[in-house]
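Beneath this line is the structure, given in structure tokens, with notes to follow.
Should a chain be cited, it is by its letter among A, B and C, assigned in written order, with residues numbered from 1 in that chain.
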Amino acid sequence: MISLFLPGAILISVLLYFNKSKIVNYTLVVFYALFLLTFAVYQSFHLNSIELGYFKSDGLGILLLLTLSAVTIPALFHGYRYIATHDESKKSRGLFFAAMTMLITAIGAAYLSNHIAVTWIFVEITTLCASVLIYHHRTTAALEGVWKYVFICAISITFVFIGILFLSLSLKQAGVEDLSFDALEKNYAQLNPFWLKFAFLFIFTGFTAKLGLVPMYTAGIDAKDKAPAPAGALFSSVLMNLGFVGIYRFYAIVARTEILPWANTIILIAAFLSIFVATVYMTRIKNIKRMFAYSSIEHMGLVMLGLAAGGIGVYAAILHIVLHSFVKPSLFFQFNQVYRVYQSKSIYDVGNYFKYNKAGAIALLLGFISCTAMPPSGLFVSEFMIFQSLFESHHLIILFVVLLLLTMIIWGFGSNIFKLLFTPPISIDETKIPKISAWESASQYILLAIAVYLAYNPPAQFVHLTKDAVNLLPQ
Amino acid sequence: MVSLVLILVASLFFTGIVIRTKSLASGRKGSGIFQPMKDIFKQFRKGSVYSSTTSFIFQIAPSFYFASVLMAILAIPLGKYPGLISFQGDFVLFAYLLAFGKFFMIISALDTGSSFEGMGASRESLFSMLVEPAFFIVMGSFALLTGETSFHEIFSTLHYGSNISYLLGGLATFVFIMIAMIENSRMPIDDPKTHLELTMVHEAMILDNSGFDLGLILHTTNMKFAMYGAIISNFFIGDLASMYTIPIFFAVQIGFAITVGLIESFMACFRMGHNPQFIFILTSVSLLIFFGVLLLLERFV
Amino acid sequence: MTDILLIMFAMTLLYMSIANRLLTYIRILVFQGFLLFGVTFLELSHINVTNLVLILLETVVFKALAVPLFLNRVIKHNGITRVAEPFLPNFVSLIIITLIIVITIVLSNSIKDINLDKTFFVVALSTLFTGLYIISTRRKIITHVMGYLVIENGVFILSLAVGNEMPMLVNLGIMLDIFASVLILGVFFNKIGDVLNDPDVNQLRNLKD
């Protein structure tokens, strides 16, 4: 169905851009969400089918596609609320929704791609759409954010391309010309390990810009800070998953060759440094949105630790990214309302949120508990499994230090959130605070509930898809 | 013996051609070709004035300078004829003879006690230090290419086969021309016309010399130019018969002189602070020459 | 003959490290474009003719003509001063770039693969690292863009090394080129010039914690 989905989605984006009427806009957006959902469900019934030669709907792709369609619905809804409360012009509204739908389409297509060059093309398209979204409010700070984002992503994309070139060098010996993941999997024994190491290094470094690991994570922080909150939510969840997919599919091939221990070391170093960096910033940060962004980095660091540790860690890693895609957007969506109340992102200007928006405050509290992986959060299950896999693979020192760092992160995160929720600010003008209806927080409760449900009582289909994704790696 | 005579002959008219080219390029007719030699003879007839703050170093340094360059010329071959001093590794002796002469000029400049001359001396020593690796790397690359280590054998066994060797020959010529410009403190490193602190290197060192010593120093500059011209002409002569050697030699010398004149007429002098990196680029280019030699020898597969 | 062109390419890198004025950077980029045109013509002569013509056109038109013209226009339009302001003195830059080239030569000497043409590998890798170095040691935003263009030239050389068997990769590299140039130069640089009066990277330091 992808040959139907891609042109259809592009058509919808183009129509959204050119169209000026509100009703048609919102109808198109709703139609797009339903279209995406249909596509995801259809693909889930056709496991492991190859379409157009370059797209394969395997377990990982379908899982992430279903997550994408589930997160799109509240994202588009909150986008609509954002536009409505910010009183945007018709042109910027059209541009916003066109960019959102194009971004989601590109991410969905990239999840399913079977060829490394096709993934690369779609990642470039996501950079383009994301930069439009970041520059939505045309302020100087947004310009700075978008410039940094575009520049670092351009360099990262170049690195991925260099990795692809080295990959084709390593294939020369095998005499194979096809760069699709299936062909690479079949011929893994003939890949020249020396060039494969270079290829892995460059592709990994390039994709860390999207995934949010050391060294290229800086682009994402500014992006999530400056973009409107619904877009920021997408950047923090499904776009990071795109980085994960890019690395994971390549890692699945590397895992069959002899350079696996070396690759694992590289991933361990990058993941550990990411958690370290996240800790350093989380304990000193004053901007709430950036705090959420650094928390995403910490989670991705944990995911990659699980991947590198192996064993049950791989299952935990995939479970973690799916659950994280439900938890993090809820925090970002709630942030919109926080901003509407206080008109500021800084921790010094906020406080006593319970008084102004009870439903939202409870959602925020539950979101904090979920994000720091305390039970009954869904993330507790996956993080516990990651720690278990680290223990089983004898990385005890890393486990110990990471637990310490996570404690510090919980402290940093918690002190900011509790200040936001309970402590009154220095000075605030109570008459200026708008009334926020409780229904706007409803989507966050639903997202958090889904995360809990998927962790503690997952449906059989979900487990089956996750196991299928894990089976990409050799056992 | 042949090369010594030819270089001394060439040094007589070299500077004259440079000055003539510069004049013609600015639209004037210019002085005659032997005018600089006539100026030097005029200096020889004058008496020298020695300052009371100087010691015996100041009096003997110009002679040492002249003698060292003359001895260095003895090492240079011409095509099939080796120099009077020719043994394995003689290009190292060549470089250190030049350094010996320069050392004496530097300490004689410091001997006068003038800070101006000290400044000139420090600049001269810095530039020579930066140029030295370039010279050694180029000669070393060619020694590696031909497998011999004396001037005469390197140049007589050098022959140009593939495209890369032409490129290397061209690059080496460029490097040597630049080395000659730097060692003689011409443009674009230093402007010999302006006696200003901003652009003086060599001129500052010899401010206090006069008379016979000054004549010696001026003629040494001519001889150094002719010497470098001889090395460059060796790249072109190779192993030809003697009836081609001498005309090619003079053609290269005249061509070199005209090139120097043109460079001096059309390029502005560099800012003094930018000189070190310009000089160091010669070392980097000579590293590329080394890389090219490795490619040629296929030691680099 | 390609070896000669590649050695001349390495010399342009050295020259770039000591260049002072922005116009010199642009001239070096034009020269690099022409060198790449020559290398492409000599290397890829046995692929499909239309593909070859396309790649040749792209090298000349894009790298040697369109992008430098555009850079010139951007410099004039934004009134950027003519001097590139480095953080490190030029002498140190020259030494570092020479070291980069030497280390790349030594590194590639230890590779025992016969499938790869070593000169391509050395020049591509040194161009890549030189581009990264230029980005990190220059103060102006426009020199960041020029550093990125140098990186792209390096990637193009690397894709030529493997492009004989897989011309699709060279095409992809060209697409990357066009995408990056259009996006970075066309859309955003003009916007930055309009908003910030002094295109100094220090102005973009406000976004931190």
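Going forward, a contact is a pair of C-beta atoms (placed from the backbone, for glycine too) under 8 Å apart; a residue touches a chain by one contact, two chains touch by 3 or more.
Fair warning: this is a prediction, and the values are worked out from it, not measured in the lab.
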{"item": "Contact-graph distance - origin chain A, target chain B", "value": "2"}
{"item": "Closest chain to global C-alpha mean, per-chain Cα centroids", "value": "C"}
{"item": "Of A-C and B-C, whichever chain pair has more C-beta contact pairs", "value": "A-C"}
{"item": "Chain whose mean Cα position lies farthest from chain B", "value": "A"}
{"item": "Distance from the mean Cα position of chain B to that of chain A, given in whole angstrom", "value": "66"}
{"item": "Centroid spacing, where centroids are CA-atom means, of chain A and chain C in whole angstrom", "value": "32"}
{"item": "Averaged-CA centre spacing for the pair chain C and chain B, given as whole angstrom", "value": "37"}
{"item": "Residues on chain C engaged by chain B in the complex (per definition of touch)", "value": "1, 3-4, 7, 10-11, 14-15, 18, 20, 90-91, 93-95, 97-98, 101-102, 105, 109, 114, 118-119, 122"}
{"item": "Residue ranges of chain B in contact with chain C within the complex", "value": "163-164, 167, 274, 276-278, 280-281, 283-285, 287-288, 291-292, 295, 300-301"}
{"item": "Of chain C, residues touching chain A in the complex", "value": "111, 113, 115-116, 128, 135, 141, 144, 148, 151-152, 155, 158-159, 161-162, 165-166, 168-169, 172-173, 175-176, 179-180, 183-184, 188, 191-192, 195-196, 204, 206-207, 209"}
{"item": "Residue ranges of chain A in contact with chain C within the complex", "value": "117, 120-121, 124, 128, 131, 140-141, 143-148, 150-151, 154-155, 157-158, 161-162, 164-165, 168-169, 172-173, 177, 192, 194-195, 222, 225-226, 281, 284-287, 290"}
